[in-house]
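Read from first to last, the chains carry the letters A, B, C and D; within each, the first residue is number 1.
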Amino acid sequence: MGMIGGGKDAFIGAIHRIAANMDGLVELVCGSLSINKDIAIDSGRSLFLPEERIYTNYEEMLEKESQLPEGERMDFVTIVTPNFAHFAPAMMALDKGFHVVVEKPITLTLEEALQLKEKLAETGRLLCLTHTYTGYPMVKQAREMIKNGSLGKIKKVFVEYRQGWLSKLLEREGNQGAAWRTDPKKGGKSAVMGDIGTHAFNLAEYISGLQVTQVCADLNTMVEGRQLDDDGSVLLQFNNGARGVLAATQVAAGEENNLTIKVYGENGGLEWHQQEPNTLLLKWLDKPTEVYRAGTGFLTDIAKHNSRTPGGHPEGYLEAFGNIYRNFILTLSAKLNNTSVDGSVIEFPSITEGIRGMAFIDSVVNSNQSSEKWTPYVLANVQ
Amino acid sequence: MGMIGGGKDAFIGAIHRIAANMDGLVELVCGSLSINKDIAIDSGRSLFLPEERIYTNYEEMLEKESQLPEGERMDFVTIVTPNFAHFAPAMMALDKGFHVVVEKPITLTLEEALQLKEKLAETGRLLCLTHTYTGYPMVKQAREMIKNGSLGKIKKVFVEYRQGWLSKLLEREGNQGAAWRTDPKKGGKSAVMGDIGTHAFNLAEYISGLQVTQVCADLNTMVEGRQLDDDGSVLLQFNNGARGVLAATQVAAGEENNLTIKVYGENGGLEWHQQEPNTLLLKWLDKPTEVYRAGTGFLTDIAKHNSRTPGGHPEGYLEAFGNIYRNFILTLSAKLNNTSVDGSVIEFPSITEGIRGMAFIDSVVNSNQSSEKWTPYVLANVQ
Amino acid sequence: MGMIGGGKDAFIGAIHRIAANMDGLVELVCGSLSINKDIAIDSGRSLFLPEERIYTNYEEMLEKESQLPEGERMDFVTIVTPNFAHFAPAMMALDKGFHVVVEKPITLTLEEALQLKEKLAETGRLLCLTHTYTGYPMVKQAREMIKNGSLGKIKKVFVEYRQGWLSKLLEREGNQGAAWRTDPKKGGKSAVMGDIGTHAFNLAEYISGLQVTQVCADLNTMVEGRQLDDDGSVLLQFNNGARGVLAATQVAAGEENNLTIKVYGENGGLEWHQQEPNTLLLKWLDKPTEVYRAGTGFLTDIAKHNSRTPGGHPEGYLEAFGNIYRNFILTLSAKLNNTSVDGSVIEFPSITEGIRGMAFIDSVVNSNQSSEKWTPYVLANVQ
Amino acid sequence: MGMIGGGKDAFIGAIHRIAANMDGLVELVCGSLSINKDIAIDSGRSLFLPEERIYTNYEEMLEKESQLPEGERMDFVTIVTPNFAHFAPAMMALDKGFHVVVEKPITLTLEEALQLKEKLAETGRLLCLTHTYTGYPMVKQAREMIKNGSLGKIKKVFVEYRQGWLSKLLEREGNQGAAWRTDPKKGGKSAVMGDIGTHAFNLAEYISGLQVTQVCADLNTMVEGRQLDDDGSVLLQFNNGARGVLAATQVAAGEENNLTIKVYGENGGLEWHQQEPNTLLLKWLDKPTEVYRAGTGFLTDIAKHNSRTPGGHPEGYLEAFGNIYRNFILTLSAKLNNTSVDGSVIEFPSITEGIRGMAFIDSVVNSNQSSEKWTPYVLANVQ
């Protein structure tokens, strides 16, 4: 595993390294960890990378690694740069024969995502998109229970992602993460949708098994002086006639990372809160609410397969992230060994989710600019 | 106190009687408790009403009571009939000199509500609208903290009212409450907004101190065969630029009476859940979340004034309802005695809230029928 | 209904009046509301009692009321004085032919409680002891589920009652309630056990259906200068071999009225928190935890019978208190009318619970004074 | 790092490997992973250990590793065998110059623990005892807030550890973990205290900063046919006069791993639940309860230092475990490099905690066998 971005000054790089490393299945062997040469070198050293594999730009890394003998060169590269710098290294990595892990949103634009899809088809490589929240065992349990019909036909989906950290104009106070996210050239058309709205959208489609077909969006910039939106609410229509509400805001002062989903069907509903991720509430029309808990024996295979500890030993964000990596790595290993994995329990988000996320951002921005109530989800025919 | 509607077979009548009675300030002295004569009589007897004051229609009751000597006749009448039967008795009661308590929504149509306002001005009588949820002490605490600026400028309001009891076509299974609520002639233009949406709207405006100016609504009938909607989601704009989301649904299978509000301002946010009403969470940008609890010493005067038990002795729905009555009765007593009450702690919803609620229903229905994204709140100039 | 104690300056009197009054089944007709004559008169007037039935001492009240014609005199008297002043008025009331409602602990000493039992047998009157917490519907649900064997044989009971209000020496700061509770002549042998420990004990026996046979107690006075204990922990043995822990403390600074019980049997456990009383958790060995909720359709008859509102409309402390009164009044009415009530759903604590509570206090005090680990529950043969 | 025990069939070995590995600071280089030779080899291979460093007994491993050149041989060994098999390999490892990580309880007997202490002093090596729960950031926050006097003088400590997994006689159904834990030769004098009671005891002393001086214990075997206890309750006295209750049970059917602590001082109390470990409640006498949350900016340095993700990205059991390892490894690295770490934020349980835990087990067993109420904590003079 190699890494592009994620140097000492970057939060998400460390998270990826812990997650990838968690199950002892891979090792970081090289990195181009910053566009700042000094930071790139310092970061590589502090991670005990061999000097010759501490690179200072990704082109060099991809080039040189591709010249190493098989077995020695990295198997895949993880791209954890800001949004605008996902596409180029991903394309080059694929061209050089590497598999790719990439942060969400997959690219800066939908067009890039579509090109990436073609490149994947052309090269036959794997791509893993780190929509972390679908890595939680109770999210997988939720999806599975809806899939197996426990809730009956789905009627309503509520998904809320509330953060408060952008309540002030941090991008003017030297906060790098705030700066690139709220810069349209680096973050994309919508800051709030690119950063957290796509997570909420992905979670809603993943759990419900449905696809959004129409959106009605209201995007707002609540903090004066900000270049991009920091708040958005979207009414949703799904392909089975269900309706939904998606709210994503980064100006909910006092909130940490409050991602919550509730899905209701004919027979009952389910509720999951990312901040207490080991509990899934199942509310029933005809019997008492049930509390499903991670690690217990009462879960579906996919939930069991995606956890490491018994009930009452809480797993968290890093383990969910680790599940994304583990499932990707197991799938990759199988591919490399010409074997296969059980896709019903070992799965990870990839190009389809990436494209759907970019199309969601575009749809929301289109809707926000329109005076029409409903705007079609773009590329409604993309699977 | 007299009562119109609320016979033995009606849930809400009993609730009103307990609430009105809770503080020993009034006594039920007469009633026209059902349009079914036998039920009216049976109900009156089971409530120990004197035979001569058990009436079988409201016109007779209002007529006869008005002829009784002052001090003997009822002071006010509570109207707990289905929506379509609020207006006529309320108008007649005012004409006959009685003060009025009426269930929400105040009338069947906005026009009726506006007429009622004129009648109130003409007769100088009081009207109390039982928006129960604003009777909770922690709701009043929330309002007061926003009013005094603790949260700073309000940016975002989320209010959700989720019930599941209409998940099946109960109106075809003999459920009277379901039947009139989903009958446009009896329930009004929108079932879900008339029944619970107005509560959510009222709560949002009450707590935030803001007024809705634009709505973008999506109403749905999720249960086949139903005459009116049972689900709705509304994007909101407020008069200070804040945005909001209001969701009201009666097909959230497995939910009981899950009314929840979250309001975010510059400095922090607050969160209240009706099903655990004695707790108010205050989330802050610059310090840990605080848990305000009913009955404790750390509350504002209005919250203290609207509770009966010390901290940890939970009050509930009936006490909130009792607060609405108590505040109305104290205000009425003061009026009758030419004294006054401290309106900063003794207050209750009245005609303004009633009109705003009806205008909200109209606005939502207008918006639902429109292909425009935003529809102005009707009567935006009504206070 | 008449009342002894509970004047304007007393918290619990108002609670009793709301509770008794809640269902409109009785009316307060007379009172001897304070030993302070002025307060007694003022209090009576503020409650709209007729002047001639505002008494200034209980002997006079009981005497004069007993001379009124049947149908006019009060049916029963509620005694809400400090502990030391329960016995004498209760005895006299019974002698004068009145039924009695009395606050817990039933008397100052076990001996008094035993005399009261004889007097009850002699007079054939009813006595209701207001162990409020057993009035909650979910407490009754818990009891019933254990009774019907759902949990299997009970093995362990944890009951905790944590308050913080005596964390400071309030009795020296003019707090009357603190003063008499911590005065051995007025409160009894143990302040913490008399005031809240008996509630915890009663709740544990009520829900588990078991009886304590041995105790091992540690009582402490945590606030310097206090005359009586303010904290205690007790290990318990039950008559079926189950073990338990009872903790009662009034110096848990920051706690309100945190009474919690957990009971475990062979098949599962249950958990109830008084501060969120409408939820009962059922934890199972072989399936997911269930959340039973007051007012829903999934409950036993006794739970349904002891609530007033549908699911999601929270009931609280006053309603639980109201249930005690309602069940007492319904039983009394039946007795007066020579009919009967369904004792499986209409029941209330009485002399047996009163005696067991006093015996518990004695047992704990005995144990605390002993260096032996286990001390027998006194009067182990009393039912 | 090498490992003794923890082969493929052992739960806790995998946990240790993830935890040790989490921060990329160490690598597993050798192991004697099972007493079953085949399992030892299979396990080593599945962990990609070099063939020559897959050992089949610990003596061989310690011997051979000690002969490898410095820098090549393992730095420390982790012992994750059943309780009875901690002492011998730990002693030998120290003798051979290795540092040691060992599962709790540290040894089978107190005597062994005391010998280990001498050996540590003699060899100058480090020992880390994996009392995982003190690795949680909010536990460290709790300890720090008590240490800095926020709560004032501590008066009361409640610690409960409730599990349900031993509700049936699993040791007869082939459950290896149940079998050795309930076998006095392998688990020690008390199963419930050795397995979970020591955790609760350690947590109570760690957070409160106090030391137990007297115990009053009741141990029970609730499941027929079991050789050792599965339930215990202990009253505690602390060295500052505070009192406590410790309950540890493995027959609380339906519970997962419910470790909860509440500590009360003069000014307020705190409450922490292991199953939702990122929240610490601070309840105050003179202001509203505060909710401290892991990863937020409002914490003490030690809490910040012992977490990896920002607020709202939940960390769990593995991260707590990882903190124990990280702090040990950082301390060890510093020692090896003759530098030092900031002990105020980098600390881990060691021999003192190990001895105190063993002395606690002995004290509880002594007390259980005694008819005296209070039994002194043995080795009260050991620090």
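In the analysis below, a contact is a pair of C-beta atoms (placed from the backbone, for glycine too) under 8 Å apart; a residue touches a chain by one contact, two chains touch by 3 or more.
Worth saying up front: this structure is predicted, and the values here are computed from it rather than measured.
Under the touch definition stated at the top, subunit A and subunit B share these contacting partners: C, D.
As for how the two copies subunit A and subunit C face one another, over half of their interface residue numbers coincide. Taking each chain's centre as the mean of its C-alpha atoms, subunit B lies 35 Å from subunit C.
In this assembly, the C-alpha centroid of subunit A lies 55 Å from the C-alpha centroid of subunit C. Subunit C and subunit D have centres, each the mean of its CA atoms, that are 43 Å apart. Contacts with at least two other chains are made by residues 255, 282, 289, 293, 296 of subunit B.
Because contacts link each chain to all the remaining chains, their graph is best described as complete.
Residues 281-282, 287-293, 296, 298 of subunit A touch subunit C in their complex. For subunit D in complex with subunit A, the residues that touch the partner chain are 11, 14-15, 17-18, 21-24, 28, 47-48, 163, 255-258, 274-278, 293, 295-296, 308-319. Listed in rising order, the residues of subunit D touching subunit C in the complex are 151, 155-156, 158, 160, 162, 164, 167-168, 216, 218, 220, 222, 231, 233, 235, 243, 245, 247, 249, 251-255, 262, 264-269, 282-285, 289, 367, 370-374.
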